[in-house]
Every structure is written in C-alpha cells, then in structure tokens.
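Below are two complexes that have chain A in common, paired first with chain B and then with chain C.
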Partner chain A sequence: MAESASVLDVTAREALAELLMSVADDEFIIGFWDSEWTGIAPMLEEDVATSSIAQDEIGHARALYELLAELTDDDADRIAFGRDAADFRHAALMNHARGDWALSVARRYLYETADAVRLTALARSSHQPLALLAGKMRREETYHQLHADAWLRRLSEGGAEGRGRLTTALERLWPDAQDIFAPLVGEEALVREGLLRESMQAMHAAWQAQVRPILEPICGELPSATPSRDGRLRRTDDFAWLHGEFTSVAGSEEAATW
Partner chain B sequence: MVMIDAREERIWAALAQIPDPEIPAISVVDLGVIGSVTLDDDRVSIKLLPTFVGCPAIGVMQEQITERLTALSVADEVEVEVSFDPPWTSDRISANGRERLRLSGFAPPQVATTPGLIGLDELAVLPVAECPYCGSRNTTLENPFGPTLCRAIYHCADCRQPFEQMKRI
Partner chain C sequence: MTERVWEVFRQEDEGDPMIHAGNVNAPDEELAMHYAREFYGRRGESHRLWIVAREAITELDDPDLLKPPFDRSHKKPGGYIIKHKLEAAKQRAASEAGE
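Entry: the complex of A and B
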C-alpha cells in the first residue's frame, strides 16, 4: 500500500506521519465534540444530522489513523485511544468544549471551509493512498459544508439572539481557527516531495480570502490573524476532559477494539 | 467481451447472494461495492469499495464475503481489501439495484448529470426524489442526513409518507 512512501527519506516520512496525524486528530476530536449533541440537539433533524456528521468524521479519522499505522508500523486503535493528551496534534480550534448551538455552528463552518481547502490539496498528494482517501472524503464533506452553510445563514438571518450568539462564537473561535494551517514540522520536505501540494501558508491565505467576505457582513471586521507555531500543541482543560471521556472504554478494557 | 472463466463466474454468482448488511434487499454486487475480482491459482482477491469511509458495515461485508467465498472452495486463500480506487459513487448502483431499493421503500439516488465531484451548488438544488410508495415527485428533502451515513430523509406531499433515499454521492 505504501509503495510511494517506501522511497521517501526519513525527514519526509516523519513529516508525512505528522501530516496524517494532524488531519486525523482534527477529524477525530471535532467528531467527538459533535457526537455530544446526540440526543440533545435543538431539534430532531439536527439530532440525526450532527450524529451522522460525527460518525463521518470519526470514520475519516479511523481511515487516516490506519494509513499512519501502516507508515509507522503502529496500530490504529493504539494511536486513537492509547495516546496521552499531550501527544495529540489537533488544531487549537478543537480545544473548545461543545458550548451552545451557535458555537458548534460557528466551529463547523470555520472547520468545514478550511478542511475543504486542505482536502483539495491532499487529493493531489503524491502519497497515493492519501490522495485516494482524501478524494473520497471530499465527496462526503460536501454534505457537511452544505449543512454548515445553511446553519450559518439561519442563525445570522433569524433574529437578534441567534445573530448575537453566532457573532460571539465567531469572534471567540476566529483566532484558534487559523491554527488548522499551523506550520508542520518538516513541511518543506512535504512540499518538496509533492506529499502536500500547497504550503500551509498558501492554503491559509486562500481560506481567509474565501471566508472573510461571508463572515464579516455577519460579525463585523475580523482581526488580522495568522496561524501560530504552537497551534497544534496547545491543550485546554476542555480537551483534557474529552480525552478522558473517549479513552475511558479503551482504558478500562485493554482488549477492546473499534 | 471479456472472457470470464468458470471459477470467476461462480465467484460473481456467490457475491450476488450476499445482501448489504444495512439494506438487505440489495446485494453487494448490485450496490456496486465490488470493485474487482482477481483470481490466480490459489488466491482470490476482492477489492471492496465502501459507500462511505466511515460505514460501520464494512467489517461485516468483509467477513461475509470471506466466509461465502471460502465455502465455495475455488481458491485456498480469500483476500478482501478495502479500497478507494476508484471511489464508490452512487452511480455504481446497478439498474436492478435501483429497482430493488425502490421495492423496499428506498428512493434510489439521483443520477449524476456530470461525472466527478458533486458541487455545493448542485447539491443545494438536488432534484426531488421520487416517492417509492406512490411514485409522486411532489416530495421535499427533510434532512440530508438520515439513520445511516448513506441515507437522506424525504417527505411525500401526496401520500403523506416519510421515506428514505440512498444519497447521491
């Protein structure tokens, strides 16, 4: 499977592992946060929708962890459920607890738009297994994007309370959303080998150019913001709590598999 | 016309007997999840194309295919590999599969007008699904997400029946 990876030098292999882990962890953690709406979403349709989206994201994470496991001779279950909280590489956007519905809508919108930019680049990766998986994921993510677009519109046009809460959430999440494009260790090697077709910086610029014209009419001018070096290394108490939740079964029964 | 030897014919016939675990009315062959069957002297390799990356039925399908083909004794070894090459799309469902879906109360997915990725614009104005109960096209999309990853929920204004559609993807 990893025939294109076997010719890579150590630096490029390690950078590819870092890339796979960062994307997988983003999908995994946002999937778990969204799964928290199961049973308590504001309406029945959304109960079904958020559960389905969460299942998609965790499924994507699983497939990415399997690619990573193959590359590093590891085990997908161990990577997902056997790591310490400090070893996760998700972007700071995923450090926030579920919050209210507006926060989840704002996070979904920021994440889906950024993820679409990233997946487009990954679908052209020289690492064939990743390119194929990303191509397949894009087909599913289009539905998520449609959902995020619809809710962003609904809350921003629906009345003062919805718009107010949405604005608060967007202002709060905006700085941390940049970190989806935080520079990766070994990124030069990724771009050089065609594993990643665009630099994080270029993708970040493309994403901002796309979302600012949509978001600023809703919440006013957003501050200039760039990804931070430690954008995938920061941890919060909210994340520590979630980590305790999603590792509790694996922790109590070592032989469990997904 | 590609020559299919007798062993391969038996394998396809056996696969056609395996139901989709989530919608048993349709077989894995009609669903289009069998990407390829490769046969050499002592091994048969099946490429399985998941409908959705996170589909929880993949493992069950792998087990059922392995079990069924092992029992067929056409090769010593049976290998079922999950693949995204090519990606499964709803256009892979056969004509027979679409009919089987309809008969069991699922609207088949809209057929793609252009190949490749479905765009946001196109998705937002998806043509209505035809009610599998009364055939009416006076239906509305209630939720693009349903009880499984691959299904959407519609409502028929004529027979007032909610129904599910296998998603266009």
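Entry: the complex of A and C
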C-alpha cells in the first residue's frame, strides 16, 4: 500500500501520472465542449446551468492537473495549455464536436455515468490526495448526473423528434464511450499498489450493466462493445480545432500570469 | 417547451428567514430545482432553497382588504405615544433608587 507517491517505484509513478492525466483530460475536454453552449443553449436557465456544469468540469480538471504537476514536478497551466494535441489522453468520446443538444445530452449522460463508476474506485485509491479529491468531485458530480438524467428522460419522452435525435446520438457515441475504460499504460502496477482499486475491465462491465437497462428502452439494443487499446490515443479534426481554440489565449502571450 | 414560472426563496443559514430570491422559468419541478440551484446557490450562498410554482401561490392584493379607507393609525404600534410616559417612568425609577 502506497500512502504517498514518494514510496512508489518508477513504473507505478508513471502509471499514476497516466491515470491522473487521462481523468483530467476527460474532464477538461468535455468541459470545453459543453462551454460551447454558452449563449445558445435551449433556454436562458439551461444556458446558465450548462455553462456552470462545464465550468465545474474544468475546475475538476484543474485540481487533477495540480496533483499531476506535483507528482511530475510540472506546472498545471503548462499541462493544460502547453501540450500538443497529440499529447492529450482523453477518451475517444471527447473527440466529437458539440453537435446538437441531443448529442451533448447523450455524451453527458454516457460520461457522467462512467465517471461515477470511476470516481467510486478513485475515492478508495491508496494515493491519499487522489482519494480525497475524488471524494470531493463525487459530491459535485452527483448533481451533474441528476441534470444529465433529467435531460435524457425529457428527450426520450418528449416526442418523436427529441427521441429520434437522442437515439442517433446514442448510437453514434456508444462505441467511443467505451474508451473511458480503455486500458492504461501500467494499469497492472496501479491495481497492484491499490492506486486504482478496480481494473478498467471490471469498471467497464459494471458501467455497461448499469446503463444498458436505461438506454436500450430508448434506442433499442446496443451492439456489444469493448474499450479499444488506442481508446485514449485517437484524435479527430474536431479535437484539433478545439485544441486550437483553448490554447489560443495562453499561446498569444507566453509566460503571462492570469 | 411549455415553461412555467417558479418562485425561489432562499435561506442563508439554518434558522434564518426564507427570503424571496427571484424566479426561474422551467418546464417542470425537476429542472426548476436545477435552475434554482444554479441561479441562487451555485456560489455556496444558500443553505436551503424553496421552489414554488407560481400558480400554487395564493395572492391577495385587494386594496379594500389591504388599504382600507379609514384611519388605521390606532392599529400601528406608533399610534400610541409613550415616549414621554417612558421618560417619566425612568426618572421615577432613578429617584426611587437614589432614596
């Protein structure tokens, strides 16, 4: 059992860094995509809610980047804004552009449910700072998930158009959503040291068992799907565009402090 | 979406009065709760919120009932001038204590 990162061997440290970066990048990128709704969400109140949730996700990413920076003697802002697009480790689910409202709702639902499974495991991590942070994040994510649930139900019960768009979005995102549980480099070391209490494979199975009974009545049977090896390495033009957007301010004045 | 208006009341700390904060538009109670939370609680400024559908509120604004035409000053505490009586009582108490 590793109480603090200093007693970890190199393999485990590197694996922990990989884990922190993958979770942080997921939160960071979904936060940025959802912030694209600011000003154009379906109604004013929803605009404020969506923007606020997007901001929460970026806040979670920041806290995780700070843990990572401490571990690797780096700087959180540099990790967030100073990396090339190829160095990001978000799951393929976050490669899709904002799309229509149904796509954003479908993605948030898939992500929040998977994230809840992951946070439960992280809250029991032997790396105390991560366990504490995951516990705090979980309190806020509970509300995010309620919000995503509410919208999933609204769209699925609210008439043919909403249901149709939601079904299209769920079918499109389903394969890439699996990659939230893509195997991590050094995962064996993570599980061995108790840094990660459950394997990605086990979490993936738990998540599927939870969401299939909710989603299949809406969109019909979903194909069998498993996380892919390169699930956190694939990049799209959509992501390249977003990366250009979120690095443009930091890139305009290097070494500026905010 | 058919929107309804929900009036939101907030309490800053346990035991404080519920004070009208404002209102939100939302199609149902569930989203009204989310929006009230975002508008009146996201900065940690509220201990509790009450979210009430506007149509559930019974309104009374009849001037005959609320602003009757006769002098009502005798129903206000200020209708009784006790300032001088109070001063006299204080003086009396002081002189009795001095005896």
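Assume the second predicted complex is superposed on the first by the 253 of 258 C-alpha atoms of A that agree within 3 Å, B and C clash if a C-alpha of one lies under 4 Å from a C-alpha of the other, contacts with A are read in each partner's own complex, and residues count from 1 in each chain.
Simple rule for what comes next: a residue touches a chain if its C-beta (ideal position, glycine included) is under 8 Å from a C-beta of that chain, and two chains touch if they have at least 3 such contacts.
What you see is a predicted model, and the numbers here were worked out from it, not measured in a lab.
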Worksheet item: Putting chain B and chain C on the same copy of chain A, do they fit or clash?
Response: clash
Worksheet item: Does the superposition put A:234 against chain B (first), chain C (second), both, or neither?
Response: neither
Worksheet item: Which holds for A:42: it touches chain B only (first), chain C only (second), both, or neither?
Response: second
Discussion item. Per the contact definition in the header, classify A:135: touching chain B only (first), chain C only (second), both, or neither.
Written reply: first
Discussion item. With both complexes overlaid on chain A, does A:145 touch chain B (first), chain C (second), both or neither?
Written reply: first
Worksheet item: Once the shared chain is lined up, is A:58 touching chain B (first), chain C (second), both, or neither of them?
Response: first
Item to complete: Would you mind checking which one, chain B or chain C, touches more residues on chain A?
Response: B
Item to complete: Residue by residue on chain A, keep only those touching chain B in one complex and chain C in the other, then list them.
Response: 45, 48-49, 52, 143, 146-147
Worksheet item: Given the complex with chain B, which residues does chain A contribute to the contact?
Response: 45, 48-49, 51-53, 55-60, 62-63, 132-133, 135-140, 142-143, 145-147, 149
Worksheet item: Which residues of chain C touch chain A in the complex?
Response: 1, 3, 24-27, 30-31, 34-35, 37-39, 42
Response to the item:
The residues of chain A that touch chain C in their complex are 42-46, 48-49, 52, 143, 146-147, 150, 154
Worksheet item: Once bound in the complex, which stretches of chain B touch chain A?
Response: 50, 52-56, 83-85, 87-89, 117-120, 123-124, 142-149, 153, 167, 169
